[in-house]
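After the structure tokens below, expect a handful of questions from me.
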Amino acid sequence: MNSVSKHKKLSLHTRYKAMTRDLSWETSYQPMEKVYPYERYEGIKIHDWDKWEDPFRLTMDAYWKYQGEKEKKLYAVIDAFAQNSGQMGISDARYVNALKLFVQGVTPLEYSAHRGFANAGRHFSGAGASVAAQMQSVDELRHYQTEVHALSHFNKHFNGMHNFTHWYDRVWYLSVPKSFFEDALSGGPFEFLTAVSFSFEYVLTNLLFVPFMSGAAYNGDMSTVTFGFSAQSDEARHMTLGIECIKFILEQDAENRPIVQRWIDKWFWRGYRLLTIVAMMQDYMLPKRVMSWKEAWETYAEKNGTALFKDLSLYGIKEPRGWRDACEGKDHISHQAWNTFYNYNAAAPLHTWVPVAEEMEWLSEKYPKSFDRYYRPRLDYCRSEQEQGRRFYNNTLPMLCQICQIPMMFTEPGDASKICYREVNYQDDKYHFCSDHCKQIFCYEPEKYVQAWLPVHQIYQGNCFLDGVDPSQNDFDPLSAVLDYYELNAGIDNLDFEGSQDQLNFNKWDGEEAQEEAE
Amino acid sequence: MSNVFIAFQANEESRPIVDAVIRDNPNAEVVYSPGLVKIDAPNSLIINRETIEEETGRDFDLQEIHINLVTLSGHVEEDEDQLKLSWDH
Amino acid sequence: MNVDLHTKSIEQLRNTYSHVEKYVKGNKPATRYEEATFGAQSTTNFHYRPTWAPDYELFDASRTKVILDDWYVLRDPRQFYYGNWTMTRAKQQDAMEASYRFVESKNLLDNIPTPVQKLVCDVILPLRHVAWGGNMNNCNIAAIGYGTVFTAPAMFHAMDQLGVAQYITRLGLTIGGTEVLDSGKDAWINQPHWQVLRRYIEDTFVIEDPFELFIAQNIALDGQLYEMIFESFVEQHLTSKGVSAIAMVTSFINDWFKESSRWIDAVIKIAADESDANNKLISTWVNKWGKRAQSSLEPIAELAFSEESQMAIDSSRSKMNERCKKSGLTIK
């Protein structure tokens, strides 16, 4: 056996090629089109998978080694947090509502991503892309599972987290993340990668992570901070997959460009709408505030996005259609969203409240163009009603946008005094949209979006009651029947923070702690 | 000209990496915040395995940066000796 | 001396999440495995049908003919979630590094007689492609199977298969560089004794039922293949010829095979136990694919064992059958 070659040190590139690409082969007993049936139907043309560049060439042995290190460190912190009753270190029990939003609306997306990347991993004939997608699949499972574990301790002590998977499939505002991700999952593998790896994990990711993780750090939640840092290191690999896949697709064939542009337009907008909940969390739900949504948008979207799209313009890619309107929205969406949740808090398994005076001052300062003019008066009114024993809970249901499924609360770009309504007639029905961009998404694939399970429609059609419920009875209370279907503990999981079990418990435990320290 | 950046968890393990990056990238700026160290550089940034080994006094596998890496921006080119981030093509 | 540790005890409202609690017996705290696994997957109110399979919902139990009242009965006895799976594999990978350092420092691979080196390359290196097939198939199960308790370990198994393929690749690179890997691939594509197996694998790539795929790949094929090559050929046959270095640098593969067999057997047993219909269905699959797998492996056995090949084949087939009988299947 030739001993010269075995002692020659192989480059990382060559070694990695032997470890991944070289493993696959052109099938002959079954045609490639049957083995990889989803590679063509989206219209994307790939001529040479060998041109795929593998960033971060991790073989499984290295993957296990480094991920194992990370897990050891992370679980040590999660354990310590539980042992030391770390939940008592948070600034204020209102903060936990940010975590409720996270576990209800973000954690299930990690799980969906895991399944979606498994699918993409199976269906790319390029082994380099397949392996990258598969690694992301297990990474996303990691995120789901570590989040569940990190938040487990909070779940033991606070409400609004214990039934999150049941709520995700049913509760009105959670159809926003659910429909977002199911839109991606139901697309083909190339759209999935463009939607998730590129638009979400590359363009928008910092707008999800930084608010939650800095919010955790500022509010004394060490467990979530540690999870955040640990997960972010996986995100570096995910981001590079995102940018690599976009470049690869664009370089393979010029005819891919319009398809990719359309996906970028669609997914930027759907992603931006999804982030409405994060905007609200950042501006209203963190007792110790970090930065405003507007500031986060200016840093992570406007600054970073400019560099990115300048780079992509070399391929003929333009900035997403909705970019300007998204930038215009930075002064408004968090306030509009908080108002909606405040209104519908009877049907939402988390708490809301009117901000206290200092918080209102902070909001005024951060939003000089909009807060005092449009949003403070409404909050002042809510507070005065509450003080007079008439805390407002809206008893009707809002119209939802057919695409993003958010209540129609967004205003016309450039005129925040007017709700933005768009509509389309399609095959005997009328469909409603919050914006030109959601409407455009519908018009391109109406047969897909007419399928959507809109929570408000479903409630009105009687599909959100348990078996055996009879709406014709005299004592029928629709809200109560829906809450039963949601498996939401009425009076415990929902309603204002004032007077909630969370508030009472936290004060009690805090008081007991103070007493122990005094002894 | 746009910045590239890389951020690490601020701990003992990442310190020699950060020190190596500062040595090899004179235009880099380092910002420390609780638990995090972020390094910005105009247009490109290089991490050299050899420099890290000089800092640690021990062998270093460049892929070890994954343990403490938090996030980055720019196109990645990597081999056993060097990791480069840049906005060039 | 008496050390009394006072910790703050704050009364809990609940032990765990509701979707986990219903699977936890008694009033015990949930394990990490339970919290990470139960109830994770969406089950209802899907918004859009997959454009790539519009006859089904995004997660759809009807993709398989196996019927379970609750797919979460298929508990993994290893109780792997991502954390303990990676930490287990990291330890195994450390051990493999140590083995490689030992073997390389003593030139144990170089010192293997050339004909035996050639035999090792001829028999083992093409299996990196078989393992890639296992990776693709388990990835598919993870994508379209139903229920996290079934699909999550399938994704771990897919990555394990990739690991196996990479350890075999490393063996090849160490013994003879990229040239021997190229020969192995050429054999895989062109040489007659590999074609029956390659056809088997390619036929599994188009199986639509994820549970049938699980059977065809993880028990019918792997149950015989790994038994025959990594247990009989590497651990026993080569070692009896004085060559134990190969066993040292492939020990991960045999260890993984034994460990994952516990998962595979549990899935089969529980699913078959649930109904006569399941038992009959799964038994039929095992018999059909087991027989085909055996035929595919016969030429490989000849390569590896020469005159003793029939004994080796019979032994691995019967070991696979034994596992299935213990799981309650009717084996022909």
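The letters A, B and C name the chains in turn, as written, and every chain counts its residues from 1.
Keep in mind that, in the parts below, a contact is a pair of C-beta atoms (placed from the backbone, for glycine too) under 8 Å apart; a residue touches a chain by one contact, two chains touch by 3 or more.
All values derive from a computational prediction rather than experimental measurement.
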Most central chain, Cα average position: A
Pair sharing more residue contacts (C-beta pairs) when A-C is set against A-B: A-C
Centre-to-centre distance between chain C and chain B (centres being mean Cα positions), rounded to whole Å: 38
Chain A-chain C separation of Cα centroids, rounded to whole Å: 33
Distance from chain B to chain A - Cα centre to Cα centre, in angstrom: 29
Sites on chain C at which at least two other chains make contact: none
Chain A: positions in contact with at least two other chains: 69
Sites on chain C touched by chain A in the complex: 7-8, 10, 12-19, 30, 32, 35-36, 39-52, 58-59, 81-83, 86-87, 89-94, 96-97, 110, 114, 117-118, 128-129, 131-132, 135-136, 139-140, 142-144, 148, 151-152, 155-156, 158-160, 162-163, 165-167, 169-170, 172-179, 181, 185, 188-189, 198-199, 202-203, 205-206
Residue numbers on chain A that touch chain C, as the complex places them: 1-3, 5-6, 8, 10, 14-15, 18-19, 22-25, 27-30, 34-35, 37-38, 41, 59-61, 63-65, 67-69, 71-72, 74-75, 83, 85, 88, 108, 111-112, 114-115, 118-119, 121-123, 127, 130-131, 134-135, 137-138, 141-142, 144-146, 148-149, 152, 155-159, 161-166, 168-170, 175, 178-179, 182-183, 185-188, 448-449, 451-453, 458, 487, 505, 509, 512-513, 516
Contact set on chain A toward chain B in their complex: 11-13, 55-58, 62, 66, 69-70, 206, 217, 225, 229, 232-233, 235-237, 239-240, 243, 304, 306-307, 310-311, 314
Partner chain A, residues of chain B touching it in the complex: 2-3, 9, 34-36, 63-64, 66-73, 75-80, 87, 89
